Each structure stands twice: as structure tokens, then as C-alpha cells.
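Take a look at the structures listed below.
Consider the two complexes below, in which subunit A is the common component and subunit B and subunit C are the respective partners.
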Partner chain A sequence: MMTNVATGSPAQGGLVQSARGLLLTREAGVFGALLALCIVFAIASPVFLTGQNILNLLRQISLLGVLAIGATYVLIISEVDLSVGSLYGFAGMVGGLLIVSGVPEVAAILITLTLGLAIGAMNGAITVAGRIPSFITTLGTLYLIRGATLVMSNGMPVSLPHGQGAAPILTGLAQGSLFGNLSNQVLVLIVVAVLGFFLLHKTTFGFHIFAVGGNDRAARIVGVPVSRTKIIAFAIAGLLASFAGIINFGFLENVQPVTGIGLELDVIAAVIIGGTRLGGGEGSIPGTLLGVLLIGVVRNGLILLGVTPFWQTTLIGAVVLTAALIGGLTSKK
Partner chain B sequence: MTSMLQLRDLGKSFGSFWALRNVSIEFKQGEVHALVGENGAGKSTLIKLIAGVYQPSEGAIIGPLGTELKMKTPRDALSCGIGVVHQELDLFDNLTVAENIALGIDDSGFVKPSKDKMAARARKALDELQEQKILPSMRVGDISSSDKQLVAVAKVLTWDAKVIIFDEPTSALNAAEAARLLERIRHLRSVGVTVIYVSHKLGEIFSIADRISVIRDGTLITTRPVAEFDHEKVVDAMLGRQPAEIFPVQVKPRPTKEVLLDVADVHGRELAGASLKVRAGEIVALAGLPDSGPSSLLRHIFGMDHATSGTISISGRPIGRSTPRAAIRSGIAYLPADRLREGILPLMSVLRNAEATDEAMHASDGSTRRGKALAAIKRLSVRTSSILNRITSLSGGNQQKTLIARWLVMDPKVLMLDDPTRGVDIGAKSEIYHILRGIADSGAAVVFTSSDSLELARLSDRILLFRGGKIVDEIVRDVTHAELDRAISAA
Partner chain C sequence: MLRATLFAGLATLALLVPAAAADFTLSPAIKARAAAKEQPTFVVSYHDPALSVAVPMRNGVEAAGKEFNVNALFTGPVGGGAEKQVAELENWITKGVDGLAVSSSSTDALAPVINKALAAGIPVVTFNTDNPASQRLTFVGQDLVYSGVVMGETLVKEMGEKGKILIFTVDAAAQWSKDRENGARQALAKHPGITIASLVNTTNEPQQIYAAIENAVLANPDITGIISLDCCSFPAIGQYLERNGMAGKIPVVGSDLLPQTRELIISGALTSTITQNPQRQGHDAVLVLNQIYAEGKMPPSHTDTGVEVIDKSNVEKHQAE
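After this line comes the complex of A and B, so read on.
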């Protein structure tokens, strides 16, 4: 209802300021929900607030966070990328197969990331050039990439040979910890988040992302390179999905042909919970991180309480709906 | 005077339809060159060609150095020194005023310009228009449509373009705002900028234009200095005929009939105790500054906003907390001011757009509906090569006429229109006025707002003047539009 008042009197700066503040409030809302959940879990389970558990929790959400940052770009331009779960599995498989077959690790990583970037860009290019809704494009590539993973692996998992230090960089990134007990995966997320934040909120490219998401016809008239901006957004999502996928391989030291199935939905859920508008034009990296954290806390807390995974899934559904409702009811009209 | 821009046999076709053909015009340095023509004549198409939005199908655009300008994108046009304020506003609701103004000009580096830098640029541009109430930090989605139009103008003013094109820049502005814009344009001319100015408001054109080009059916009829024209000659050239009397004859006072619309002490968004009664057979104008309540009252009556207190009754029955659907069912019709966002169904044909409300309300069966829609489209003389074309392929004014046709189909008891002739040409305006009078004569009540005070004064039986969300005066006698303008800005 606040917003109604604010939009009602555009002449008054103060009120409009409060409407501007809405974005902040929305993030504050997620933050509040997060705090509330943490308090509940802290009371219900003595383990929840222990350092070990918190470190664990952060590690568990890191890769989801990396994927979600990529998805934030795509969702702000009012598109969607359903293929990131497949790409996550595919990247692990490609990287794993290359390393296992003796390709130097650095080369394997670069090849995998390049492939991820290229596939993401392809999602964007097909969407733009073919004038297809990205929902359809990436639904197609979701199957294509998963199929390629299955074909490549012949349906079999791939594992790193044990105890030979076969992939020191990946295992180091995924399993090591530079600072005390803090997993390097968390550092990876922090670096990606900082870069992602800078790119989205401080560069011209990020400015264009919001413009395209707000009104892509007007963006074209104003001279924003709309197609290029869209393709780059998809490429970023692809790059980050393959990056997360290959780190996951480094962590587990093996990859299944079914790794990452359904992951795209977790990713979208996290971004939406974090306040990004599905209709495009609004969203932020801090919001997305909060969304990821919220999902992580729900999962972690429920496990500690001994709740079955089935109920976890149910609760995450409720969280997504609640977040969407809050977003819908607080946005004007 | 040197030529800044020269169009040589310019033409543009959409499929087999030529929206513009064989147009040759020379725009000189430091002149204000007005383009006039009926809705659908091809003015916006011409502008989009100069702006790089469309590419010519034939002919060429020659720059000041005598070389052909090939502009593939709007950015190319900008780098040739051409800036455009488009008819359909190209703003971003999700961005701030400052960001909107910076976009497209201040965004070539890798790093986005700082908030302060963008705000300073915006402040300067708004100051040039003497616009204090719009702040750079406001979200464009939160400001009124007249403020949006000012932002769109301010944005282009910061481009330092040598040729600036305005496509109906004052359609949503009130008299005072429009006057400030015209003053700005005179200043631009004095510093050597070439201004191309499109408007359906002939008064404006006579007050600022140096030369006028008249376009009809996609071809250039004539280009002449303004001194060789008068009002009648322009209309004559535009239409190829003189319209009948522009306004229907006013009969005052109207015979009193039953009250159809009764608004009693309504409070709500932008409303602070508005009361009025409208009777069958009369046309009532709601006048006032944009945020003073007229538009908002219509939205409340139509159930798009809800009153916090007070009652609204139709034919004596209170409507309570209504929805547009309930409002339509009780015989209310509402034509919104924001055609693009609240009016047209962009993916549908002209015909489907005209049928849409009847169809959504299951008001009549298929063939009756089609018959009514065809008749309404015909009655409003919507110009299109086929009524099966998408509505977005129509010119702005013809889209507006289609939306009015949509309500004619419904045969409403109370017809409410928020700035109904925005962007409509003088011939079509006159047709709309006569149609509205006809609707009132057949027993409906008509309530409208307008940014055009001539229309407020001459179309209505009485004028209700708003200030701060309520009605402060009722004008029943004849007034001139200048008197009315003064009353509105004093209110």
C-alpha cells in the first residue's frame, strides 16, 4: 500500500524516493526472512549456529550461487535459461573425460569454459536471430546438451584416478581452503559475485542489461546494441554454469551423466527469491546472493532437524511462492 | 541559408503498401520546419527514416556536405547530429530520469557514468526546460505521462544535435508546459539548430514554424513559408477538402434528464473529496493540471483505483469496490490516456482490437459483434490497408480511433475518455467530436479530460475545474480557451 501513495504523487520527491527505496526494501525483506529462519533453526537445533555448520552451509551454496549470478543477467533481460543444469553436468563430463584421457589440466579447464561460453552465446544467438522465446530455445538445448553428455559418457560415470594428484587445480579450488576452514568454493563465489556485481551495476554493459530488460524496443531506438547485450548475457550464464560444473567435478572427483538434472529450477528459484523480476528490468546481485543463502539455510536447517528431503522440496516451493507474492503485491499496480 | 538535410525522392514501403513515396524536402540550417498531415499520412514514417529506425526503400537522405547519409541504426543518426523525440515514448520505466537521459549518449565507456554525473546532466537538461518538479532520481515509471514527455524532450536536448526532430512532443502537455517547450525551440533556432516539428496542434505550428510541409497519403503536397498559409489553407492541403464545422453546435442549456453518474465526496489516490453529477445527454469536461484529479477520478469510476471513502453510483446504484469488468457491465466505458500500455492489444488485428471488449464480456454473439465492430471502424474512418493488419501497423491517431470504436460497439451509458484526441488529426478530431455529441444526444453521458483547452471549452456543455483532488469551480457559460488556460493554471 505504501507504493500506492508513492506513485500517487510523483510531484513530491520524498515519496518517490521511498518508491525507489522499494528495491532496497525488497532485498531487506529477503534479508528479514533469512534472519527469521536462522533464529528459528538456531533455537530448534544446537548445531545450526556452530562454525562448522555455517562453513558447511556456505560451501553447499557456493556453486548454486555461481550459477544464480549468471541467471540474474538472463532474467533481468526478461529471458530465461533452462539449459544451465544440463550445461553444469556437461562441463563436468567434458572436463573429466579430457583430464582422464591425459589432456593437461589447464587446457582441459580452458576448453570446458570456452565450450560453456560458446554454448551460452549460442543460446542467445538462436533466441535473438531465430526470434524464438528463450524458454523454447533453452528447453531444446537442455535436452541437446544432456543428450550429448549421455552419448559422450556412454551413460557411465567418470572418476578421477585416486591418489595421484591428477587434477591439482580443480581439487584445490573445490576441496582446499586458503583461509582456515573456509572452503575455497566460497572464495570462488565471492570473486564471481564481486565481478558480477561490478559488471551488472557499474558498467555500461550492465546499464544496457537493465535497459533491454525494461523496454527492448526503446533500447533499440536509443541505440543500445540489444542483440549483442542479450547474447552476452546468455554467454555469461553459460560460462558460469560450466565453471560451476567443472568445480563440482573437482569436488566429487567424479561426475554422473545425470549430474545437474533439475538444477536450473533451483537456480531460477534462488534468483526470483532474491527479488529479480521475471518480467525483466529489475534485479541485483546482492539480492540473488540472499536468495541463494535462503535456499541454503532452508535445506541445511531442515536436514539438521531431521526432516526428509521431500519436505525440504515442499518448503522451498512455499518460499518461492511467498517471495513471488511479496514481490507481486509490493510492486505498483 | 545552408541546407542541413535534404530528402531526395524518399520512399518507404511496408510489403506492397507505400507509406511514403517521392518525398523531396530540404531542411535549412536554423529553421523550424513543420510537418503536417492527417493521421496515417506518413509523418512518423518520414521521421523514422531520418532517424535511422527505418531504411529507405528508395531515394536518399543527403547531409550538409552533400554526401548521402546512410543510417542503419538510431546511433548512426545521432552521430550524424540528428536527434529525435519519438511519438511513442522511448523511455524506460524501470530506470531513473537521470539514467534515461544518460542512456544512448553517456554510455560509450566501459564503466557506467557515476550517479552524480548522470544527475548533473539530467538537472541541466531539465533546467533548460525550466522544469523543477521532476527530479533526476525519480523512477520514470512513477511519473505522469506529461512529465515523461518532458523527460523525453530533455533527453534529446542534451545531445547537442544539429537537427532535432519532435514528433508530437506536446500531445500530453498542458498549455504552460507546451509554451515552455516552444520557447526552448525558438532558442534552438536562434543558435542555428534545425528543428523538424510534427504536430496536430495548428496553433503551435503557426506560432513557431518558419516553413510548413504538408503530407497527404504518403506524398508531399507542398512546402511553403508559413506566411503563405493560413489555418484554412493548411487544413485544405492536409485533407484535400474543408472539414465540416469542427465542433458540433453547442445548445445551452441542455434539457435536464436523469442523473447517470453520481460521485459523492470521493477520496483516493490524487482525490480529496471529489463530487459531481452527470446527466443523460450531456458532455462534461474535467479540467485541471495533470495531477489535480481529472484522470484519476475516471480511473476510480472505472474500478482501476479504489476510493478510500465516498460513493460512486451509476443510475442511482452504488458500485462499491468495483473492477473494470463490473464497471463495463454497469454500462461504463473508459478510454485510457496511455494508449500504448493500457489501450491497444499489440499482437492483434485492428478488427480484433475493436471487438475485444465485447468479446471479453460475451456481450453479443459472433456475427452481431463483427457487424458492430465493422460499423464502428467505418464510422470512425480508421485508415488502414486492411482491418486484419496488426493494430501496431497503424499510425498513432488511427490506433486511437480504433480504441474509440471498441467502446462504440458496447453502446455505453456513461462514456469516459481520458484525453481522447491525443495525437489525432484535425479532420478525425472533428469526426470524433461529432460522434461524441451523437452519443450524448442518444441518451448517454459523456465525461472527458483533455490536454487541449479548446476542446474542453468547445466540446463540453459544462466544465468542472479541479484543484488538489476536488472540484473547485463549474463553468457553464461560454469561455474562450485562453480564459480556460488561465483558470487551469491558476487553479
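After this line comes the complex of A and C, so read on.
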């Protein structure tokens, strides 16, 4: 017997409405675009769906994912952090210089993370206290931190001594694999994503983030600590950027003064593609992860296909734009 | 009105197209300073001073500054960018320096400003990366096409005359990359048994460099050789091969001798590097400018800083650059 969904029971109607609601979310649109892209790459390249390539791809997106989760908080409060790419390079350089100069590894990691947290909080505090658009504040810190990285390194890369087992905790975290061939970097991303999801979607602080991003005046009237919420959001972004930066050093065993240049654009693109509204008040961690995955799949797939470098750049732009459009058109709002 | 417009147009053209290098004359102000034996100021503009290879260049410039008792400044747009380099050079021209050495981030974008400086009587030489579209007085550096040829020939020597190779570069659109690529392709074209699977543009970002290598090698498991056209994707290739049990199995030829490159040649993960002696490039750029300033001596059209192949047999004798 056929059932007419439109005239089904109230319970059935609710289910259908939920399903329809789910299909109309921005995340569903991005997921659709991602799926379509994966099908195209899978048909075009026999390597795309191999286990090794999927493992590579997951590792390749992990650090971008960690950075993008931090940026999601900042964008939901209707701000932007342009300094994350510089902070990522700076953290690797600070951590690398400390380790190479003989500071105990754990201390070096903790100092680096504390610096990242402090710089993030400083971005928030300057924006809030100085009533400066975060675009300007973080543009300033982008240059300040990049300059500091160049001065510290004197323009030279910093490397761990080759093949001597230096920095075992960091290299183990960045290069090792606890479960089969799955890189620990992917586990790091999963842990950060779970914590990020819980904090954003299941706590009062997360509620404050959405309230501030939706309407900060209204949020202030109902007692939400707007300034504190903004500073904490920036601090989270700073902490995660420095965390990703030091893991990058552990993975490559090397950091260049140019590490992270332009990375903030990838980060912002991933978060926006994932459904976070530039105007604030909307966004999710799963959406951000989809955005990160989409950028990773495009880069991975085009190299597998051997597409010429100049076309790669064009196609990445086209795919990102298409995914954002699909996401926008399928969004409920 | 028409006459005034024509005059203005011709004046602009005169700025953009200076006399040939042989006809170049120093501006009266520079001539006067040289005659009075004043300490000159030379600006050496590299297309991205944040790159690791810029450090030995800067050392060479500073060493030459002390050696010849001149004020030699090493500068350039951090992170690269032709428009930023053009703006910097325009500012130096306005300030009135006694000589410019330029490594162009883009041939076409930089040629007019180089010609503008020459038209103003400021001697301009190019170094590291030439600008053949300009009227520069000389090029101090490696013949980049030739260095690509040496890369190709060195790989063939290691790999044999049959196989499939990958070429990596951090910036496929840059003039230096195109020159080396052309050279390598010329050398490889002499061996019909060799095919180039792909030219992979990694970008400058270290994580993206590593990811691009990982993806390209996975997509081409049958490759028998690799060429890296630059300083910075080269060590990442060695690192990738070492971590995946492929070190020493695939010959890899690249460029420059960064500290990590040196260690990976010693460990056998990388095969050979073609060095360009960046310290000498920086030093000789200042040397040539000082000869023009102090002695009025015009240089030949190319001051070659040479090509040297470094491999496991001689790497211990060389310091990282």
C-alpha cells in the first residue's frame, strides 16, 4: 500500500518535515557538492578511492581543520581573525627555536600554546576595548607576528637534527599512528572537533557565542557577557592556530619563515563554505569540517588527475565558488 | 593642446624605453658624488627576502658592502609580489640611490621600472633572476636555463635513458621556474624513452608542498625519477621518500643546499643538487655596481656565477646555504 507522505500521520509528517529540513540545510548542500566531486574524481582517477589516498587526504586536511574550528567561533560572533596563518607559522618557529636550543620539549610546547592563547586573547581585547573592527586588529597582528617570525629566524628555516629522534613527543604526535595507518593528526582533529562541537553546541558559552553573533546589543541587554565572550572566542582561535603550528613543526621537522602565509584565506573559505554566516550568528562545527574536506578533496583530486598547475588554481576557485553557491541556495534562510 | 599631449606622450615613452645599455650614462648627481668619492648607496632588491635562499644572498651583499666600503642595502617585498617590488623600487628611484640590483618577481611587471631608473641615470643590474625584457646593464647570476639542462642531464645520468619522471616547483608561473623547466625539458627531450608524468605546482606553503608530493607520487607509483626546480620543495621530497621507504630507490635532483637538503643528501634520500652560489650572486651584484660607480666600468651583458653539482661524494665539503 502506498502512503501519501503529505497526508500521513502527524508522526510521519514530523519525520518528513525533519528530513526536508535536513535536506535544506546549508551543510546538506555542501555535502551534496562534496559527494558529486568525489564521484567525479573517483571515476576519473583509479587512485582517488584507494585506502592510502583517503588516509593521505585525511591527514592533509587535519591541521587546516584544527585552524578552521577556531575560526568558526570568531566568525559566528561576527568577527574575523586574519592573523591565524601568521600565528601558525610563528608558533612553529617559537616551538622549533625553543626545542632546538635545548628547552625541554614539554615546556617548549606549553610556552608556545600559552603564547598563542595570549595573542588570540590580545586580538579580542584590542578589538573590544579599542572598538576597532577585528579585520583591522588582526590585519595588524598578521604583520606584527609575521615580522617577529622573520626577525627571530633571521629568514632561515629551523630544523630538528636529522635522524636523531629529537622532540619525540611532538614528532610522535604529528608523524605517528595509534590506529593502523591512520595518522595521529587525524585523531587530533577528531578530538578538537568533538570538544569544539560540545563547547559550541552544548554549553552556555556556546549559547553566548551565537547570541553575541546574532545581535550583540540584545545579548548584552539579557545579560550575556559580550566582551568576555568575544575575547574567549579569539583566544580559542589563537590557541588552536598555535597548536596546529607546532604540530606542523613536528610533522615536517622544519619550519620556514614563510610558513602559513595566506593560510588564513583557506581557513576563512573553509568556514564560510561550511555554512557559517559572515554576518555572524550562524555556523556549526560539522559544517566547517565539510568545508575543510571540500577544499582538501579539490586539491587532492586535481593533483591525482595531473591537471596543469594553472588550471588547478582556476578550478579550485570555481569549485569553491560553486560549493558556496549550492550551500547558499539550499540554505533555509 | 594636441602638441602638448604629444610632447607628454613622447616624454613618457622616453622614460619607459631608455637608450641601449652601451649608451647608458650616470646621472649628473651620481657622477658628482662619484667624483667627490662619496660613499655610494646601492639597493639590492630580491623578489622575496623571506625565502631561505635569500639569507646567503644578504650575507654576500653585506660582505661586499664592507669590502668596498659602500652602503649596500638588501631589501625586497616579504612574501613576494611584483606590485610591491615595483612600488619599493619607485621609492628608491625617487630617493635617489647610486645603483640598483634587481631580482625580478615578474619580468614584464618589473621591466618598466628598471627602464625608468636607467632613464634617470641610475645604473641597474639584475641578479639571481634576469629581466631580459628590460635594458638592465648586466645579469649577475646563474644561467637558469642552463641550470635546468644540468638538472635534466644529472637525472638521466642517475636514472638511465628510460623512465617516467615528475617535476615539482613552488611557483610554476615564475620566470626562474619557467627557465629551469625549459632547460630540464630540453635535456630530457634528447631521451625519447623518458616521459614527464606531470609538472606539479606545490605553492610555497610547507604543508601544501608535502601534500602535493604525497598526492603526485601516489598517483604515479611507477615514476623512476624526480626533479625539483627550487630550494624549498626539494627537501620535502627527500623527507617523503625517506618516510615511505623509498629513499635511494628514486633519484631526485634539485636546487640549492639548504641545511635540510644537505642532511638528506648525506642520508641518501636526495641524490644531487645544483647550487647557484647565492652568496656570490649577492656579493657580485654589489661589486658590479661599485665598478660602474667608482670606475665608470660597464660590465659584460652576463656575469656568470656558475653551476655546481653537489652529491653524496662531495657534499661534506660544502656548507649549507
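One rule holds in what follows: the second predicted complex is superposed on the first by the 294 of 333 C-alpha atoms of A that agree within 3 Å, B and C clash if a C-alpha of one lies under 4 Å from a C-alpha of the other, contacts with A are read in each partner's own complex, and residues count from 1 in each chain.
Methods note: a residue touches a chain if its C-beta (ideal position, glycine included) is under 8 Å from a C-beta of that chain, and two chains touch if they have at least 3 such contacts.
Fair warning: this is a prediction, and the values are worked out from it, not measured in the lab.
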| item | value |
| --- | --- |
| Touched partner set for A:G214, first subunit B, second subunit C, both or neither | first |
| First, second, both or neither for A:V255, with subunit B first and subunit C second | second |
| Partner chain in contact with A:V47 - subunit B first, subunit C second, else both or neither | second |
| Touched partner set for A:F310, first subunit B, second subunit C, both or neither | second |
| Touched partner set for A:P168, first subunit B, second subunit C, both or neither | neither |
| Touched partner set for A:N56, first subunit B, second subunit C, both or neither | second |
| Partner chain in contact with A:M156 - subunit B first, subunit C second, else both or neither | second |
| Which superposed partner A:N300 touches (first subunit B, second subunit C, both, neither) | second |
| Residue numbers on subunit C that touch subunit A, as the complex places them | 48-52, 54-55, 58, 78-79, 169, 172-173, 197-201, 204-208, 210-212, 214-216, 218-219, 232, 235-236, 239, 243, 258-260, 263-264, 267 |
| Interfacial residue positions of subunit A with respect to subunit B in the complex | 4-11, 13, 16-17, 19-20, 201-208, 210-211, 213-215, 217-224, 281-282, 332 |
| Touch list for subunit B against partner subunit A, complex | 51, 53, 73-75, 78, 86, 89-96, 99, 102-104, 107-112, 133, 135, 137-139, 141-144, 147, 269-270, 291 |
| Sites on subunit A touched by subunit C in the complex | 45, 47, 50, 52-53, 56, 60, 63-64, 146, 150, 154-157, 159, 162-163, 175, 248, 251-263, 299-300, 303-306, 308-310, 312-313 |
